[in-house]
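In the two complexes that follow, chain A is the common piece, with chain B as its partner first and chain C second.
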Partner chain A sequence: MASSDEILVKLTATLKDFTQDWDNEFEGEYQRDTKLLGDLGFESIDIIQFIVAIEEDLGLFKTPFDKLLMKDGRYVDDLSLGQLADFLVAYVK
Partner chain B sequence: MNAALPRKTKTLFIGLDGCTFTVLDEMTRDLPGVGVTMPFMKKILENGVRAKLRSTPNPLTPPAWTSLMTGKGPGVHGVFDFIRAEDKGGEVYWTLYDSRDVDSEMIWSMVSRKKLSCAALNFPLTAPPPKNINGAVIPGFTPAKHLRRNTHPRELFERLKSEVPGFDPKELAWDFENEQQAMDSLGPEETHKWVRYHLPREEQWFRIAEYVLRSDSPDLMAVMFDGTDKIQHQAWPWLDPALLKAEPSEHDRLMREVVLEYFRNLDHYIETLVTLAGPEAQVFFASDHGFTASTEVLRINAYLEDLGYLKWAVSDGSDMAMRREAANFANLDWSGTTAYCRTPSSNGIHIRVAEKPGDHGVPPEQYDAFRDKLIEDLKKLRNEFGEPVVVDVLKRDEWFPGQHMERACDLTLVLRDNGFVSIRNLRPVVVQRPHAAGTHHPDGVFIAYGKGIAKAGEVERRKIVDVTSTLLYSLGTSIPSDLEGEVPQAFFTPEWWAEHPLKKGARTRLEREGSEREDMDAGEKQKMIEQLQMLGYME
Partner chain C sequence: MPSATINGHEIAWQQMGEGPDLVLVHGLATNRAFWYLNVASALRDRHRITLFDLPGHGYSAMPASGYTATAIGRGILELMDQAGVAQAALVGHSYGGACALEAALAAPSRFTQLALLDARISRLQPQMRLHDISDLTAFERETAARSAAAFGYDWESEDEVGFRFLEAAARLRVANSTAEARDEFTPFGEGRGALRAAQQWLRLIDTTGALTEFHTPGSEIAAIAALPLPVLLMYAQGSRCERSGRKLAELWPQARYIAVQNAGHFFPVSQPRVVIEALNAFLEAPRAAAA
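Right after this comes the complex of A and B.
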């Protein structure tokens, strides 16, 4: 089973490839606390596409991301790379 | 992918989303003051063969194109809509169907396994592109920001940027907010802008198709133009000859001009691609469904409430409740609901079955009787003129056979005017539209032209699953034995048919990438059964 930090490294690589063509003003390094919406300007469709990209790169399918994206019956306001990495620990072999 | 190879495209397939002979015949006629809008298509129709093409039971883009690409029905391939959504305690969790949800092998993979090459441009459900494709895939319905990552092979995107003049992913790709407008009611100014927005989009796809055809000459070259569907949704009154006004207003004239411009451009794209493919190629055209006029609105959940099958949730005015209402997803009190429509695009009704004693819903042993009574009630509904509104009700076990049957609505409605239902909590239950609107008709088009194609005019209607078999036959490969469709012999000359006997081959093979795909657990299965469809075919 991969650790959260190991997954974070992979997420960062996926994210760099994923946002390659974007008109993105974010100039810092991707960190554990980098927020998808707040820092990277993600929209809802980008989150869906990013989930597909993560699954493709990590060899996953039908991961229950709703457990991460919804809390108490409503969508979370934002998501950090660290939260994503922690969540994926249970699913990445 | 190598210009030095003396290869030549054998089969050119041009998809025309939502194309219908109602419009195509109009565009290929010599109209007073207009002339022939599509002279090249006129030549194709006069020298080739045509048939109506019956779509999937719910004639909707994702299931229909997936059937066209797999040769199998939705109950087998498992795609029923664009959007997959689940109710999570009153909030909707939604995501998009993608290629990994297609549970049948697509023609691109079948062709690649036969060591032939292909190009698939702008087809839905081809993102993320499978890696085993021998050729090019640029998926449709993908936002510009995500096009590069979803292009196969990846270097093709860079080639397009450097070698296709004017290549602009932003102009080419799916704009979610813009596309949503196809289903909304727009004002005159917006409608004109909406149609014009699609002209450069189609030009972009044409340029890419031209580039791929010229540089790669894949054995199977396939491109789909989707402006036909989008424009017909909003501009049907200016396309259907039965609806054209004798005394058009200035706005009518503007609309007519821009839709004719669109089809004139399309004719030029088709002529260029067919000419590039050369005289040895066989050319096929098909649409996923046809189009017609919808004249009334059925508020299906309001009707189900009247009959005691459904109870609306009481909104508490909270942010969550407001979002729930805005999601165009039926917001219901589950304790008082046994049958309901989840989304307009589904045009169907789900029956809530009690999984275990104490659950709300219909006891399993009463399901058949409950369903029969519901069908009877649905067929009783009349509009203000005394006409039946629901003309047919399709049971999923009869119309969606296959391992994914349980994802389908229990009942799929066929409305008098082929319209999509509304799920809004409004009255009256049936209301006439102020103006006719474009809606999907189950009969699309299937046309063939070129070497070995019969100059046969119109022949018997075909099924959408026939397209896969026909393209494989045209390529000279065997037809997998588990495809549902058949090759229409009437499309080919007797000489061609005699020289090219149809070969049946091994069953299709669905190759998943990696071995990580795990069987769904019980919770996942329930989630899939409870998937919701909410493409905004809004009233």
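Right after this comes the complex of A and C.
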């Protein structure tokens, strides 16, 4: 099983590829606390598409991302790379 | 990335869940996240759901043409071929409903059921005027006033207010002059990403034939009336699209009609539970009858 930090490295690579064509103001390094909406300007479709890219890059299938995106019956306002990595620990072999 | 080539252009799509096939079609100026975040997650336990971005939306390509409901309806059938979906229940919201109707009319044997949610059908409702409904929302009032002042829009003589509101909201967002009022769902109102969504919408209507093609009526009324499928009609009470819903209900007396109370056009986002429960009941009915 991969650790959260190992997954974070892979997520960062996927994210760089994913956002390479974006005209983005974000110029820092991707960190655990980098937020997809607040820092990177994602909108909801970008999260959905990023999830699809993560599944492809990490060889995952039918990961229940709803559990990560929903909290108390509502969709979360934002999501950090660290939260994403922590969530994926249970699913990445 | 999962993508299909439809009419020579890339369509972004994905599947989730297991069970009988269900295809969900979003409306204008949104994308497949419209369904994913609110409805698809709740239906994936019972269905294999196919979601896609309309041409010119989300992660799909933006071709110069191919935006009529008829063309997109044909595209739905091609996407089903490429996605391995032989037969499905089909659900469309708003313009996605008009496209879904055309797909169902073109190949009814590919579908088990059709659900239209606040879908305006141009053939039955050729115009959409400001005072078709008595009350404008706070967001509409402010957007109309701001866009009239900034861009000279003449709302009283506009006969396509639905499209014009989207355009006005997008132009005001890009001009950083967006209305402060919020509806239960506000187009281009969501966070920093809203600017990119507004820019994408303006690119679509300014650089392609989409806006003209959106107006193009689809099948004739007689063909619509002859659709041989179980139909669910869900319309927000007081919505500008309600006129289409009533006319469809007249053409299809056997259709199930649900008037969604206290809701606006975007009720699949603002009231997803109502939609999920209605779809579950509608989609289960034939199987329950067969059991």
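By definition in this document, the second predicted complex is superposed on the first by the 93 of 93 C-alpha atoms of A that agree within 3 Å, B and C clash if a C-alpha of one lies under 4 Å from a C-alpha of the other, contacts with A are read in each partner's own complex, and residues count from 1 in each chain.
Here is the rule we use: a residue touches a chain if its C-beta (ideal position, glycine included) is under 8 Å from a C-beta of that chain, and two chains touch if they have at least 3 such contacts.
This structure is a prediction, so every number in the text was calculated from the model and none was measured.
J.: Please determine, from the superposition on chain A, whether chain B and chain C clash or fit.
T.: clash
J.: Tell me which partner A:L37 touches in the superposition: chain B (first), chain C (second), both or neither.
T.: second
J.: Based on the superposed arrangement, let me know which partner A:K93 touches: chain B (first), chain C (second), both, or neither?
T.: Touch partner of A:K93: chain B, not chain C.
J.: Considering only the touch criterion stated at the top, classify A:D57 as touching first (chain B), second (chain C), both, or neither.
T.: Neither partner.
J.: Given the touch rule stated above, what does A:Q49 touch, chain B (first), chain C (second), both, or neither?
T.: Touch status of A:Q49: both partners.
J.: Once the shared chain is lined up, is A:Q20 touching chain B (first), chain C (second), both, or neither of them?
T.: first
J.: Chain A residues in contact: does chain B have more, or chain C?
T.: B
J.: Considering only touches as defined above, state whether A:D66 meets chain B (first), chain C (second), both or neither.
T.: both
J.: After fitting the two complexes on their shared chain A, where does chain B collide with chain C, if the options are 26-34, 44-52, 152-160 or 224-232?
T.: With chain A aligned, chain B clashes with chain C through residues 224-232.
J.: Would you mind listing the overlap between the chain B footprint and the chain C footprint on chain A?
T.: The overlap between the chain B and chain C interfaces on chain A comprises residues 45-46, 48-49, 52-53, 56, 62, 66, 69-70, 75.
J.: Which of the residues in chain A come into contact with chain C in the complex?
T.: Touching chain C from chain A are residues 37-38, 41-49, 52-53, 56, 62, 66, 69-70, 75.
J.: With touch defined as at the start, can you tell me which chain B residues reach chain A in the complex?
T.: Of all residues in chain B, those touching chain A are 86, 88-91, 93, 95-96, 98, 100, 127-128, 143, 145-146, 148-149, 169, 176, 320, 513-514, 516-518, 520, 523-524, 527.
J.: For a test of understanding, state which residues of chain A touch chain B in their complex under the given definition.
T.: 17-18, 20-22, 45-46, 48-49, 51-53, 56, 59-62, 64-66, 69-70, 72-75, 93
J.: Can you name the residues of chain C that touch chain A in the complex?
T.: 1-2, 12, 14, 16, 31-33, 36-37, 41, 53, 58-59, 190-194, 196-197
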